[in-house]
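Listed next: structures, encoded as structure tokens.
First chain A sits with chain B, and in the next complex the same chain sits with chain C.
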Partner chain A sequence: MADKTAGGQAVAASSSLQQTRRSLLATTTLALLFAPFANVEARTFGGVLPWIPESADPPTPFQPGGWHYFDAREASTMEAIVERLIPGDDLGPGGRDVGCAVFIDRQLAGPYGDSRRLYMRPPFAKAAATLGPQSQDGPAAQYRRGLAAINAYCRTTFANKEFSDLSPAEQDTVLTGLEKGTIALSDGVAGPQFFKLMLQNTKEGFLADPIYGGNRDMAGWVLIGFPGARYDYRDHIEKHNVAYPLPPVGIMGRSSWNQKS
Partner chain B sequence: MARKLPRKDVVIIGLGWTGSILANDLTDEGLEVVAIERGPWRDTATDFAPKYAADELRYAVRLDLFLQPAQETFTLRHNESEEARPIRQFASFLPGTGVGGAGVHWNGQTWRFHPDDFVLKTHLTERYGAKFLPPNMTIQDWGVTYEDLEPHYDKFEYLCGTSGEAGNLRGTIQKTGNPFEGARSRDYPTPPQKLNYGPSLFATAARELGHQPFHQPSSNLSQPYTNPYGVTLGECTFCGYCERFGCGNYSKASAQTTILPVLMRKSNFEARTECEVMKINLDSTGKKATGVTYIDASGEEWEQPADLVLTCAFMLDNARLMMLSGIGKIYDPKTREGVIGKNFSYQTMSSVQMFFDDKIFNAFMASGAQGMCVDDFNGDNFDHAPHGFVGGGYLGMVQTNARPIETIYVPPGTPSWGAGWKKAAKVNYNSAIQLTGHGSSYSYDDVFLDLDPTYKDRFGRPLMRITFDLKENELKMSAFLTDRMAEFAKAMNPRQIAKLPRKGPYDVTQYQTTHVCGGVIMGTNPTTSAVNRYLQSWDVSNVFVVGASAFPQNAGYNPTDTVGALTYWASKAIREQYLKAPGPLVQA
Partner chain C sequence: MRRSLVTNTLSIAILALSTCGYAVADDKQSFEQIERGRYLAAAGDCAACHTVPGGAPFAGGLPLVTPFGTIVSTNITPDPKTGIGAWSDDAFVDALHKGVRADGSQLYPAMPYPSYTKVTRDDALAIRAYLQTVTPVDHDVVADQLPFPLSIRKDMAVWNMLNFTEGFFQPTTSKSAEWNRGAYLVQGLGHCGTCHTPKSALGAEKADVALKGSEIESWLAPDLTDDKRTGLGNWTSDDIESYLKTGSNQHGIASGPMSEVIRFSTSAMSDPDLKAIAVYLKDLKTAPSPAVTAQAASTAQMTAGAAIYKDSCAACHRDDGHGVPHLFPRLAGNGALQASEAVSAVHIVLHGSQGVGTKAAPTAPAMPAFDWVLNDAQVAAVLTYVRNTWGNAAAPVSAGDVGKYRTAGK
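The block that comes next holds the complex of A and B.
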């Protein structure tokens, strides 16, 4: 049977735990163990289905304007790269115009960039690619070194020009060399790995919800015919071989919904 | 120094599927139960709100709901001569964390294992002879049969409200459903889900080829359903954000949607979240557990005494906790002695992509478990004698989504970037689909788990080390299964197909499945298994270890239904036998 005393004592233990938290933080390095996990707090629940007001965790829409991680040179290099990885053409806008570089900039400025969620304890040793990345650098640091190394290569190879100064054909030659590992980069940057990271992030920016700064006007979704953040297809699931009639929608809706009539 | 809490009757490590089921059953017995969960509290309305749940980047790519490697990871090597490296970011398999565990973000594919799977060693040896098996294959019988588990499969499926069609009802093979399955005592709780175009096209082709295709059993429900606990689930809307996501629609069975609303209201149950168990404590004899020690999110250490310890963590953590607590002997591949960590297994996945000119598939409309399958090439449903391998898998059109960052199929030879990729993405996105083969993974004497000698977690405890690679038997099986899939694909008449059999070496950067199994396996003999047929530790009788960690090898099916059935099976033994006379339920 229910023993309310035991439950009560456990709750008391939990609140005394919260009282001791401040002194613990000041006096023990144990707290550092939890540094990657912001706002984490042990909780005890019992006797009721918990409902914690305002505990939902919606995404934070990106803030337009300026660069949060890239400096001006990195930004112009990145804009040139994303435009070659997904070029604007008669099918629709490319990586630059849909905001892929802005997307990557905001990602690198956030928790993705510094690898705070990943296992980053030493030793960092070389390994077969099938054992997974073993770099000591998070994505943000990899972009800083990688973009600098690409520009250093371009200056040496193309009469002191930066990547963004090259013709589209020259830019494609450099990117192909990175992808295939046929050009050597300075500062120990591994071209194929860095290329793979940039390509993955660029496609993310092209196809992720516009709330993160890329896929502007849902152009990536329009290109392929993906209806986006919809939640109910029951009326269409058995309409076989029939195109879905509605345009894409994002987490924040679509611009036509937000215009005053 | 740990601060000691008041004693409980039962302490449960991990509040996922298995922990929730056991907590609910044992609180019904009047016991005081506490669950210690390393991750956060999660519930539908607050954590999986439809307003923002359809976010591929956040949940499917950045893996927001999963265990973060900073908290815990594993190391990997392909063989004993290689140095293991930590899995610094998860990709191949994705461990869950938090209340509901991996049941929050599963696909809902709810398969029973075949009766042969539970007596695999005996069955294969009798049919083909012992020499037919690779010499270092260490498959075993489970110590429990399909007939033992049938009532418990039934119970788990009726907990979930699983949508499907019986193929074998009390021994009579039906005209629909899986004709190869073991006998069911009754039909599924709800009828099959509606079909999208791709599965429908596959089913037509399969019938033309002479097979009986059937609906994949789905715990994303075809209609509202109220389970025996009185908890109601809603109808799935085919949103396409299932695996890797929480369901905001109450239509995917999880601990949240089936059992927690009842369990959490009980006054004799407590859940402590953001609390990580360090070890199971033993008394001076080493034969009896006294409870667990855990560290809460502020770094404070607590001792929770309890009479009964149920280890219900993710399967790798079940094995690791046994090792860190000194329960049972760790497997040594040199002597082949020891049982903890023995018989790690996985799943051997393959696929065939199909590119059409004249089709609109709308594969973005999907549940995690809709689809049509055939089971003719699974387990021992076909004669293996001419093929030189054992095992198999189901195959079918079971595509769970077409979320575009993860899922744009382009034909082989397409550039991975530039105008060529862009055009191919546009042309093929909505006219290409994929068949999947869900292959078995059998166990070997040199595939195992132990503690890593180098890498530590944030508490300084050794990480679990996985020694695993794909073996020739599994690669041959995958090639065979993929060839069969290609025959179905061609019958669907696409412009082009791409065969993608599983190839070695095992690549931890490629998503395959999260169906890691074994390490604390069940069996009939304490020299070859870690727990008895009731999932009770042979070494410490008041510890039960529940989950896919108990599988001696993995079959060509998704594991959750079998995990659920084993949980109810163990629960029955605890309630009806152990509580009356605590002690070993099977004499060693």
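The block that comes next holds the complex of A and C.
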């Protein structure tokens, strides 16, 4: 990536006559940025572009069935939470039925869960949120402690009931308290921060491609009118004030791709 | 016809000579003859089989998979020990014309002598003169890897008796010189029938259905006759010329084995020769292939296919199946697509394919692979759909037809 070609292109681009001074400066920094890598061998392609059959790099579809990270109690708590964050109604199914909890489970079991791609070592400081997470816990560990703390809170507050046993109204009270930071959780769990994480992940599960386990039957996309993994709208661009007629399609297709016998 | 060609290459050759001080040819093999030989060797695509990709030109060693087993091409550089440098001119002509080697033993027809037999002695000698100028390579090739009983070269004499007619090209006097030049190139050096003509159980070309299309290495070499549905009936002779010269035309883009034929052979041919080929092919009238009724658009398979096409294919091949000229092949009215077997299409949809890039059209657009997203039934559905929409008509494709090629012939 960062090789001679990139630097070379930047230099070549800056010699173009239409260049404004501003972009000239920008490209110069680019060139400087890449200069240290200048000894990396550049590759030159001549003639026909190289091509390999099956060079697609498709995402691995989620495997249905069972939980990969959550235990049974965490799973039922999570399903109850996502259903309160995005409740099902007459506009369509809610967070539980579209599989948001499944989505989160698969994410926590994967590289996202242990923040494999982030620097997670000390020193940790009491610092502004903009400075990133200040703990070595990735999301998976945060969920484990957070869900346990929520259930512990519910047991002491609601006569030994788990979160999933509460009425929807009671559940909303707990979640609101969590969001506002008005309820204290055990094990040092910061309520507002954990709430924010769950809300974020629930939205992702609701709107990410079904290939990742959530957004079942593309219900999230139907709701917001997103057409999905299509990449050609030329036939529709000129049709102003006309609703886009095609149903959404996922990376792995949609149900009409299968023959109905 | 040929004359103008010769003078053309000659003037180019003289130009080259004067600008870069080309090695002076010895008097016996005149420069003109060598250059003509270079051109004819390209027309005969000798390098396709006698050069290993990335290897020394003409040094042999390429394994060729035939219905009978694997045959390895030989070293035809002028190396006297391992190549053909010590062969007499007559021996060389006999290899092409009769399919025999210098020691009198038979060649296997993986070397297309059943086509090359038509090549004139004059042209064969020009090829020989050219081959004498390539760098000699010391490369001993063990050619025989066939299982018994085919491993016995003598048996090829019997095969030849049954399947091989030796004979130089005989012009058809009722046809034009151009037509005859086309016929000479197609039947002889071009050995187009090697791929495009259906084979008998013994691997010989069936003369009665010459160029009616055949399957090779999980690709279909389509019908080249003037058949409207499965052949070149909808192509003009300009379309054919452009396809052979650049690899694409308003109908399609060459892929698979044909892209190599174009890159190394036909794109190097002169315009008059390509025109001659087109004239000849356009005149190949055969009984039209039996009419086929298109699948009804309402069947469950067609409906599923339509959905897949709209979502995955229409962006490039367009809703009306017209594609984009020279970029995305036209599927509407596409002859090859409506052949009785959908081999190439299955192959292309599963594994993807890059079209040919030539000097005249270097883009080489590629079709993405769909094996990771479509299951066998879905590939079958979308192909049944494209084979039976926009006026196309062909037998439906089954999931089983697709499954065979999922791992084969990548």
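The rule is simple: the second predicted complex is superposed on the first by the 203 of 261 C-alpha atoms of A that agree within 3 Å, B and C clash if a C-alpha of one lies under 4 Å from a C-alpha of the other, contacts with A are read in each partner's own complex, and residues count from 1 in each chain.
We take it that contacts are C-beta pairs under 8 Å (C-beta built on N, C-alpha and C of every residue); 3 or more make two chains touch, one makes a residue touch a chain.
Bear in mind that the values here come from a model prediction, so they are computed numbers and not experimental data.
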Partner chain(s) touched by A:254 [first = chain B, second = chain C, both, neither]: second
Contacts of A:87 with chain B and chain C, given as first, second, both or neither: first
Dominant contact partner of chain A by residue count, chain C or chain B: B
Partner chain in contact with A:49 - chain B first, chain C second, else both or neither: both
Which of chain B and chain C A:230 touches, first, second, both or neither: both
Contacts of A:246 with chain B and chain C, given as first, second, both or neither: second
Partner chain in contact with A:119 - chain B first, chain C second, else both or neither: first
First (chain B), second (chain C), both or neither touched by A:58: both
Overlap of chain C and chain B interfaces on chain A (superposed complexes): 47-49, 51, 55-56, 58, 230-232, 251
Residue ranges of chain A in contact with chain C within the complex: 47-49, 51, 53-56, 58, 230-232, 235, 246, 249, 251-254, 256-261
Touching residues (chain side chain B, partner chain A) in the complex: 3, 5-8, 30, 32, 34, 40-41, 43, 45-47, 49-58, 61-62, 68-71, 73, 76-78, 82-89, 91, 194-197, 200, 235, 237-240, 248-249, 260-261, 264-275, 295-300, 302, 359-360, 362, 364-365, 402, 404-405, 408, 416-419, 421-423, 425-426, 429-430, 454-456, 458-459, 505-509
Residues of chain C touching chain A in the complex: 300-301, 303-304, 307-308, 310-312, 314-315, 319, 351-354, 357, 362, 364, 366, 368-369, 371-374, 377-378, 381, 410
Residues on chain A engaged by chain B in the complex (per definition of touch): 1-7, 9-10, 13-14, 17-18, 20-21, 24-25, 28, 30-31, 33-34, 36-37, 40-52, 55-59, 84-87, 89, 91, 94, 112, 116-121, 123, 125, 127-134, 172, 175, 179, 199, 202-204, 207-209, 211-212, 220-221, 223-234, 236-238, 240-244, 251
